[in-house]
Structure formats: C-alpha cells, structure tokens
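As structure tokens, here come the structures.
Presented sequentially are two complexes of chain A, the first with chain B as partner and the second with chain C.
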Partner chain A sequence: MRRWYLQPSILVGGATLLAVAGAALAAGTLYPDDPLDMVGAPFTWPGTEAATPLGTDLMGRDLLAGLMHGARISLLVGLSSAFVSLLIGVLVGATAGFYGGGIDATLTRITELFQTIPAFLLAIILVAILKPTVVTIVFALGVTSWTSVARLVRGEFATLRERDFVRASIALGAGDLHLIFREILPNAWTPVIVSTALLMANAILSEAGLSFLGLGDPNVVSWGSMVGLGRDALRTGWYMTAIPGLAIVLTILGLNLLSDALHGALNPRLRRSRS
Partner chain B sequence: MRFADHTAVRSLDLQIDPGEILALVGESGCGKSTTALAILRLLSARARLSGSIAFEGRDLLTLKEREISRIRGNAVSIIFQEPMTSLNPVLSIGRQVVEAITLHGRRSRRQAREEALELLDRVRLPDPVQRFGDYPHQLSGGQRQRVMIAMAVACRPRLLVADEPTTALDVTVQAQILQLIDDLRRDLNMAVLLITHDLGLVAQWADRVAVMHGGRKLEEGSTREVFARPRSPYTRGLLEASLHGGKVPHYRTTRLPEIRHRGGDAFELVRPPARVARLTSRHPGQPPLLRVEDLRIAYPSGGTSVQAVRGVTFAIERGETVGLVGESGCGKSSLSRAIVRLTPPESGRVVLDGVDLLPLSRRALLPWRRRVQMIFQDPYSSLNPRQRVDDILGHALTLHGAGDGVERERRIGAILDDVGLPATARRRYPHEFSGGERQRIGIARALVLRPELVICDEPVSALDVSVQAQILNLLVDLKDAYALSYLFVSHDLAVIRYIADHVLVMNAGRIVEAGPVEGIWQSPRDPYTRTLLGAVPGRRRIPREERQPDHA
Partner chain C sequence: MLLPLLRRLLQLVGIVLAIAVLDFILLKSLPGDLVDVIASESGSVTPEYLAELRRLYGLDRHYLEQLVAYIGRLAQGDLGFSFRYGEPVFGLVLDRLPTTLALVGAALTLSVAVGLLLGIAAARRPHGVTDTLISGLSTLGYSAPLFWIALMLIVLFGVKLGWLPIGGIRDVSARHSGWRGSLDVVHHLILPVATLSIYYVAVYARLSRASMIDVLTEDYIRTARAKGAREGRVIFGHALPNAVLPVLTMLGVQSSALLGGSIVVETVFAWPGLGQLSFEAIKSRDIPVLLGVLLFSAVLVVLSNLLVDLVQMWLDPRVRRPRTASAAEPRARTEQPGRLA
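Our next item is the complex of A and B:
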C-alpha cells in the first residue's frame, strides 16, 4: 500500500503551505522594518535592483517584504477565523444533532438564517461598524462562515447517535458529555478536518477581498491591500498586482489540494480502494 | 452449462444441467458471490479471470462485450439479495419490467405492457394492474423481490443465478419466494444456481449442492447424499452448527461443534464437552428477576403515532433464558431497548428485582444499569472504531467506580480471558478483529460489570454459521460461569430452539404465544406460531406435488 502522505497532491499542497508559513516566520528577521516604509525608487521592476528582488510598488515599498509580512496576516486571519467558525459550528452542530427535536429545529433555523445572509456583505458591514483591526476581521469572518461546519457536524451526529456503540454506552450509564466528546465527536472529525482546510482558504480569500476594498487593517500589509494598491498602476506596472495575486492563488490552491488529500487519507473507504 | 477456474476463487469446477437447481453454499468471503458475478461477467474490470465458463457450448469468458450483454438478462439472468437497492427507486415497477422485456426484443408499447402484466401476475404480485404504476418504496420486501424475479425471467432465461435471494426477507416470505422460483423453474425448464449460506434452504429446494470454503469447492453431490453422508468435516460442522435438520440439540445437554481450519482442505470438528447445566425450573413462589407489565411503545410518525409494542407482559426467572422470536417489525427490538431504557415507553412497568425502572431518574438508574446489560446485533457498529479494547471495557468500569486502576486492569484481563480473546487484544482497535472476535468484545463489555440479566438483541444474526456456533457456545458457558439470565431476541427459530428455556412469540407488537420451548415446538396453539414454524426451511423435505401455491 502506498503511504498516504506520498500522494502528489499532499506533497505539492503541503510544500506550498510550508513555503508560505516559512515566509511568515522569516518576515520578522529578514525585514525587521515596517514593510510600509519607502525603501527605493517607485516602479522598480522585479530583477532590476539587488536590494528589492521583486521590485517596488508605486510608493517605493519593497514588494518582497510586503509579500512576506502579508503571509503573516493571511495565515493569522485564515487560522484564527477558521478556528472561530469551527468552535461555533461544532458547538451548534453537535448540540442540534445530539439532542434532536425542538433544540435541533431551533438551531437549524438559526443556521439557515445565517446562510441566507451573504457572508461577505455581513463581514463588510461588521468591519465597517467596528474598527477595522485584525481582531474584528477575524471575528467578522468567523461568525459568518460557521454554518457549513454546523450542518456537517449536525448530520454526522444525527447518524452516529443511532449507532449501536452509542446505545451500548448509554446502556452502561454514560452521561451526555461523555457521549458527545468521547464517543461521537472522535468519529465525526474526518469531514470536519477536511472542511477546515477549505474554511481557511475561504477566510484568506475573504480577508484579501476586504483589504482590497480598503476595509482591512490600515496598519498592516496584506496581500489584498497590495493587489488593491497595485490596481492603480495596472497598465504600467502589472507585476504589482500579479505578484501578491499569485501568492493568494498558490496559497488557496495549496489548501484545496491539502483538503483533498486529507479527505483521501482520513477516509478509510477511499484508503482501502487505493491500496 | 459448465465452467472452470478462478482467481479469488481457485480452480472451481461446476456443472449445472437444464432445469436443475444447484446450490452453492459457503460462508461469507468463500467466493460464492464472486462466482455468480463471474458467470455474467459482472466483476470489476480489475478482476482477472482464467479458465472457461461454457454456456450452451459457448465460452462466456471469450465473448465480446456486445455479445455478453445480449446474453445478460436474456439467456442468463441474475437476482440479488437486496431488492431495495436492486430496483431503480425513481421508476415505476411497471416501467422497469417493460424495460426488461423490450431490452431484448422489439415490442409495441401495448404488447410490452400486456406481457409485463402477465409476468407480474406470474410472480404472483397481488393486483398487478393496480400496482403497475407503483414505485419500489410502496412495495414490501417480498413484493420487491417478486418484481426483481419478474424482470429476471422476462426473456425466459435458461439459467437464473439467484445470489442470496431471500437473505434480507422474513422466514415466511422467504418460503413463498423460493416456492415461486421453484415453480418458474419447472414452467420454464430453467436451471437455477442458488447461492446461499442457509443450509436449510438447500435441504428443501436444491437438487444438487456444492460446498465452498476459501475459494475452493470442498464437496459436491446430490442434496440427499451430501446431507446424509457429508464427506468433508467442514460440511458436517456446518450441518450441525446450522441447527437445521432432524434432531435439534438443546443447550442444557449439548454444545455445538466448532469447526477448526487446519490449513488447505483439512478441517477438524471440535465439540466442547457439555456441562450439565443447573436446571432451574420456574418457581411460582420466588419473585422473578425481571417482570415486564403491560408495556406499550409508540413512535411519532407524521402527526399520529405508530404502535410498536402494544401491551406486553412477561417475566424472566433467575438463571433462565427467555427466547423472544418474531419477524422484522414485530416490535422485538423496541421491546428489548425499552427494558434497558434506550427507548422511552409510552406506559407500563419494567420491574427488576422488585423495583420499577421506568420512573427512575438518570442518576438513580445508574446502579441498576450495572445489573442489566445488552449485547447488540451488528458487531461492526456496536464498537466505537476510535477506541481501543481496554478503553471500551475501562469506560464501563470507570462509570460504575469499580476499583482503582490496578483492579480495573485485572478485571479487563479476566473478562478478555473469559470470552476467549488473547491478552494482547486490549491494546488493539476494533477494526483489527474479525466479526466473531468483535462480538466477543461486545460480550466482554456487557459482562465486565457482572450483570445479572443480559439482553441479547440478535447477537448471532450477523455472523456466519460456524462463528455463530462458537458464540452460542460461549454464551452458554458464560451463563453458567456468571450465573446469568438471558433475554435472547432472534428471528431465527432454530437458534431460539437451541438456546431458550422459555419462548415468547411476538407478532405485530403483541406476544401471541408463550411457553416452554418444547411445548411450543410440539404443539403450537397460535395460528401465527404455526405459520412461523411451518415456514422454517429444512424442517422436512416436502414432496413437490404437495406444495401449494400461496400468495404474499
């Protein structure tokens, strides 16, 4: 049987994400100064100056420094808002699926209510009302994207709670918390983990979108704001939009590949058919 | 028709003559279904076949894809086990039968419809004109299988492959479906390859039988010969363990023989020595261990409620095994779940040792839970796949505060030993075990708290016959060692007859007959009990002329 981690999708996806994470970690040591500082002449094309290998933007800021610092924001926002939506989603979904009946009906209605609201618009409104800081962006993206997790977890719980091993545990006298966290949740993780990678991808994309619209944190560099700024010089210096844009594309692609690979690796049925 | 040689199946030779029923018998994984699929070339493209399958002189293995599809459903047909999934749920049954007819011959629409109606009438679907437009979900399991058979015989095939055609059906329906297949066989002079694990069916319906194990054919011969004088010890073990046939043993006097595989074609039969069980007769003076009084269970269903159990009263004495028998949907599972408070009943009393369990709060119930435990049917869904064996058993002990860590370890070791699992089993996960071993883990979980009453909900129904014998032997041994009482729920009358002291027959939510096991078998009073006992395959070989056509 082939090792699950030797699939091309997991290697490519993992390598891309490791590169992004490495850039985020190295940003502080390689470019300790604020990436918003002017370091060279504006409109320096990539490969022309040794000090700024990826060139400068129309304000003379180093694109490579911006890219690496932007990776920090993207990963931070992606991870923490995915965590927030995971927390809300698992809580709501587990409660609804486990207890069923009226509790389930109420929670499902609330989930549907959130689903009918366009998530990105709600995030824009939240960021516009609150102060545009990284924390509010994480919060806004988290509270708008938990619905898919909630539905997923609810479905898993509803089927798993009818399984005989749960009945056996009830017959032994186990309490609800034991049933939820020890018996059912460990069996419901697989699809949740898979969808978390996609949640992260969505959050990174949404953060880029918000920053592009100028609703991001003005004090930090983000890939989205870099694309937004570069847009003004799209004809004369297209590299200013292309380079951060490419970073976004590769990161999202990496997360999608990883999610795919995790699905294959964690699903025993697929694993067996591949062996 | 004859064929030879296989890969997942190793060099198998079989021959079926026109108009003959050949039974291919074996336990799960022995290659019998693979053989069936190979005949119609329905195996996945990755399967490698060698040898030849000669059908009316032509080798099916060398035919082109177009030629074989002209044979499929036309000269050779197949019916499967699951009539629910074999029919297309979004097409009416009439259309599906019409399709089966027009696929292999031009007909006008009216002609095809008439032929389809004729076919549905022939398979004795009640009121075919009315039911022509019905969808599969509106039919019962037996009726769906009738439709499947109608489609299979639409083009008057010369060979019908029936892959476990009645395994998913109740015993009374099973008898009717096999009767139908047998009638069609005579009318159409068609050969039938009956694939089954049920030796009772074979005894009653097959002309010849081939026994398979591990992809090999162990023996073949006329049914009469094989059943009277089985050559292979494996066949003999299957025959005895399947509890069919003349002399039926009882657990108080005999243990079932267990088949040990000695590699290759060598088998050995081991019959554990029978310990004379302490016979506890019913004492009218002593209060019973469990008393169920006028229990009613209802499930809400679209505004109204469906009555699953309609007022059931019975008692279980100490040291007694009460067998609860009935067909699917009769309420026996609801009843057993209600006793361990997994399903809330509508009304009634469940009195254990003088205390009614139903009004107790969760906390107050906890000490009583230790005394009543349950063994489940499906060993694959009854164990948490993410927990190791010692977690599963340790959880039970921790919940009831049984001793410290050392004491718990000791008890886990002891119970694993008692259910016949090695000490190394405790560090392993459920998926590393076979079905029979998993059922042993389930039994260990139920017994680790040393309960007094164990509810066994179809504990051997998902197991192969030879494994079933081992588990039944184990339950009998444990009953003695732990001084247990059982409520043994099963749809299998042969198993109930072996394991039970006292029998309850359940039908449509009510207990229609109750009494000692011998009494029920020798002189059943209730008409339903009589139907049930009469439908058990292999009770006696009914001469063909005496068989009456019946209607489902």
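Our next item is the complex of A and C:
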C-alpha cells in the first residue's frame, strides 16, 4: 500500500489550505492598508487594471486585498470555533461515556436537544442578541456545533472504558481524571481528529453565511460579506460575487478533501477495501 | 409499534419545554424589555407609568414566576408579539409555514431520489470511472455555500439566459389564476429547489454510496447472486431496502440543517417562507419572531424524526422493536458534523 499521506486528495487539499494560510499571513505586508478603503474606480473588472488584478467592488475597494484579509477572518473563526466545539464536545462526550447511568442519560438528552434545534438559526439569534463581533460569532458557532463531537467521543468512551487496559489502570488505583485524560482520551482521538477538519469547514461556511446575511463583524472584511455586497451589483458586475465565493469553495474543498483522506487513512476497514 | 411513537411524543413535549426555557433566557438576556419598547415608541412617559405597565405585564415578578407564565402562554399558542409587524408571532409563523414546507419538501424529495440513484451507480464499481466522477462532483457540491450557489444560478439562468424568474413566489404583474397560477409558482420554485438540491444530492449520493458498498459485501447478496437473481433485482430488490436505512436516519438528523439552509436560500430568492421571515426579523432585531421560528422549527424536526422512525419500522423488521438494535443507528460517516448553512 502507498503511504497514506501521498494520496492526491491530501496533497491537493493540503496545498489549497497552505495557500489560504499563506494569503492570510501575507495580507498584512502586501496590503497593509485597510481593505475597506477605496483604492480605484468602482466596477473595475478583473484583469483590466494592474494595480487591482481581481478588480474592484461597487465602492472601489480592491477585491484581492479583501480576499487576503478575509482569509484571516475565515481561518481565525474556523479554527477558534472548531476549538470551542471540540472543547464542549469532548467534555460532554467524555463525561457521558465515562460515567454512564443517569449522567449519561441527562447529557444525551441535552445533546439531542441541541441536535433538534436548527443550529444555524440558534447561531443567528445568539449573534443578533450579543451584537456581531468576531468573538460572539466564534462563541455562537462553537456552542451550536459540538453535538457530533460529543456523540463520537461518548461512543468511544463507552467502549474503551470496558477494555482491559482501563481495568488494569483502575486496579492500580488510578483516579477518574487520570483514566479520562491519560488512559482513554489518547485512544479516542482518531475519529475526533477526522471530524475536526469538517468542523472547521462548517464553521467557515457558517461564518460566511452569517456575514452574508449582514450578521458579520462590521469592522472586518469577510468573504461572506463580500459576496453579500457584490449581490447588489449582480446584474452588472457578477465577478464581485463570484470571486469571494470561489475562495470559500476552494477552502472548504481543501478541508473536505483532507477530511476524507484522513477518514480513509485512519479507518482500517476502509483502508483494506481501498488497496 | 406504539412504544416508539409514545417515546417520540414524550420527547416532543420535553424538547418544546426545554426550548421554551431557552427562549425565555434569551428573551431576558436582551437589553431592555417590552415596556422599554413601548416607552421608546410613545416618546414621553413618566417613571410611575412605566412601573404601572411593568406590573400590568407581570415584569416585576420573580423570574421563575415569569417563566411559568411564559410557558402557560406558549401552551395556549401565544408566542408573543412581533415588534415590527405588530402582529402575534404565532399567526405570522403559521402563515409562512406552508411556503417553506413546499420548498423544503420538494428539495428533499428530489435530493433523496437523485442522490440514491447516483450513490447506487457509484457503488456498482467503487473507484471506477463512474464512481470517481460522481464522488468528485459530490465533493464539489458539498463544498459550495448555498447562498453562493443561489447567486450563481441567478446570474446564469436569471440574468444571462433569462429563462427563470430570480425571486418571489409569483409574477405579480401577470396576475395568473387557476392552473396557470400554480404553474407560475412552480416556475418560481425551480431555482430555490435547485440550489438546496445541489448540496443535498451531494450529501445523499455520498451517504448512499458508502451504505450501498457496505451492503453489497453482505452474505445474503452473494446468496441472491448465486441463486441467479438478475442484477437489477439484486440491487433494487435486495440491497436497496437495507442500504436506504442509514440514508433515512440521516434524513431525520438533517431536517434541522435543512431548515437552517432554507433561511439563506429564501433570503436570496425572496421566497416568502419562514427563512425570509427570520431574515426580516434579524434586520429589525425582532427577537420574538426569531424565537417563535426557532420553537416551530424544533417541533418540525421532532415530527420529521417521528416520520423517519415510522418509515424505518415499515422497512426494517429489526427496528420494529423499540430502538435497541443497532440497525437504526447511523453508520460511522453520519456521525460526522452536519452542515449549518
């Protein structure tokens, strides 16, 4: 079998994400000015002016500068809210799976409740109530998308805690915290890692959706808000909508390819059928 | 047969109660209350009058008392009052519900049908040409934000080609009636349904491919082939009923994501359903309406899960008993996070 990391999907996905990360890092040096400033004539189509290779929007702002600065917000929100979801999900899932019984039943009910509420709607309401800033958006997306992680981790814990190495540890007098964090959790990471890429993808999409609806942080430029603005010029300058949207598609595609490849590589059952 | 039904109904009550509490907390965390709104609208009011109003609405009582009163009002179908429309929220939501159900229902039916067929075609020869093509396209469909697909479809079919209307539910200037009126609505429905379907076809194609590949390795499929059953019969008669189970489970799980997605799509296409109502409410920070939509959507999700349970019981004898068998549990892939927008 080939080395798992040499699959084309890992290479393509990884390269795309590296490019996005590079754009986010270079945004400050290449375009140190506020990307919300006017730099050229409005409605400049891509490829017509050397100074603004991707054109300008209906207020004369550089699309390329916006894209690169927007990459920062997308990655920042994606990473941080995936982290928040992981934190909540692992805590809830580990507690439920480890202790079982009444605690498990209660936590599972709560998880089911959050699965029933349309997460995007709840995120909208939270952001609308808390006023849209990057922090509240991360919070809203984090607290609405931890359920899948909790279910995964709960399942892993429920089976792992009956295994011999855990029993041996109990027999040696290990405490609950030691069992959860040092014995079981290190063995439950695999599915969690795979779903992290998807969590990030979802968070980036949701952030784009929120700012498209006008619930983004008004002080920063975001891919979603660029699409939302371009929408006003859909008839005359559809490139303003198409370009930031393509940035979203490519980023999410990269994350999805990566997640698929990891899923295949870390799941022995799939690996066998693949070779 | 009755037990799971009863379990779901109890769950429904529990969830409505829990969401009512959540709604209440969110309402109370808003800066200012109903009386502040009245005060700001009327211009000049005395502090005594405000205190009087607060007593009248029960806003001076303990939070727990207020919560009980709030749940009592919910039980009578009183979801509060919209600041913006000046109408009861319940009626507003109920008015918009059929429009959203038409959109979501059409999109769901189309995506499951097309997704299943594509998934089956891909699973016939995993990693073959057809599979690579279908899997590649579905990964692409899975990666595009709904609002962007919607806008690009508008550019192509609405602006450039001019084939389809780009928004609304009917042509106001034409004033069609009767069957021409219905045709007009269908005409307006095509692009929103196509938008939602592009994403959900991708989801169901991926899911049914994985599930079909799993099922096709089972012994009873080999038995069916060995006794000489035709390929069509093996696929559709033997494999499909089992392969469709995880897809159905996913359908239940995803109904809440679908409602979330319809917010964005309805907003783009000015489709006058719950999603557009929510968008208007976001713009004017009309929180009671948003909370009403939240409660309604959650009830819809529980009901659709109930429906999925019933269909599964009909399809799979193993699930006819209360859900202890692993048959009803989604397989690994469905445990992955669902999509929000």
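Basically, the second predicted complex is superposed on the first by the 265 of 275 C-alpha atoms of A that agree within 3 Å, B and C clash if a C-alpha of one lies under 4 Å from a C-alpha of the other, contacts with A are read in each partner's own complex, and residues count from 1 in each chain.
To be clear about the criterion, a contact is a pair of C-beta atoms (placed from the backbone, for glycine too) under 8 Å apart; a residue touches a chain by one contact, two chains touch by 3 or more.
Values in this document were obtained by computation on a predicted structure and should not be read as measured data.
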Inset, instruction - Following the overlay on chain A, give me a clash-or-fit verdict for chain B and chain C. - result: fit
Inset, instruction - Considering only the touch criterion stated at the top, classify A:164 as touching first (chain B), second (chain C), both, or neither. - result: first
Inset, instruction - Please indicate which partner A:186 is in contact with in the superposed arrangement: first for chain B, second for chain C, both, or neither. - result: first
Legend entry - First, second, both or neither for A:115, with chain B first and chain C second: second
Legend entry - Per-residue touch tally on chain A - higher for chain B or for chain C: C
Inset, instruction - Identify the partner contact of A:256: answer first if only chain B is touched, second if only chain C is, both if each is, neither if none is. - result: second
Legend entry - Where the C-alpha centre of chain A sits as vertex, the angle toward chain B and chain C in the overlay (nearest 10 degrees): 90
Inset, instruction - With the two complexes superposed on chain A, say which partner A:174 touches: chain B (first), chain C (second), both, or neither. - result: first
Inset, instruction - Scan A:87 for contacts with chain B and chain C and give back first, second, both or neither. - result: neither
Inset, instruction - Please state the minimum Cα-Cα separation between chain B and chain C in the superposed model, rounded to the nearest whole Å. - result: 5
Legend entry - chain A positions touched by chain B in one structure and by chain C in the second: none
Inset, instruction - Going by the contact rule at the top, pick out the chain A residues touching chain C in the complex. - result: 85, 109, 112-113, 115-126, 128-129, 141, 144-145, 148-149, 151-152, 155, 191, 194-195, 198-199, 201-202, 205-206, 208-210, 212-215, 224, 227, 231, 234-235, 238, 241-242, 245, 248-249, 252-253, 256-257, 259-260, 263, 267, 273-274
Inset, instruction - Would you mind writing out the residues of chain A in touch with chain B in their complex? - result: 163-165, 167-175, 178, 182-183, 186-187, 268
Inset, instruction - Within their complex, state which residues of chain B touch chain A. - result: 337, 340-342, 362, 365-366, 369-370, 372-374, 376-378, 381-387, 395-396, 399-400, 431, 442, 445-446, 449
Legend entry - Contact footprint of chain A on chain C as seen in their complex: 11, 14-15, 18-19, 22, 26, 29-30, 126-127, 139-140, 142-148, 151-152, 154-155, 159, 213, 253, 256-257, 259-261, 263-264, 267-268, 278-279, 282-283, 285, 287, 290-291, 293-294, 297-298, 301-302, 305, 332-333, 335-341
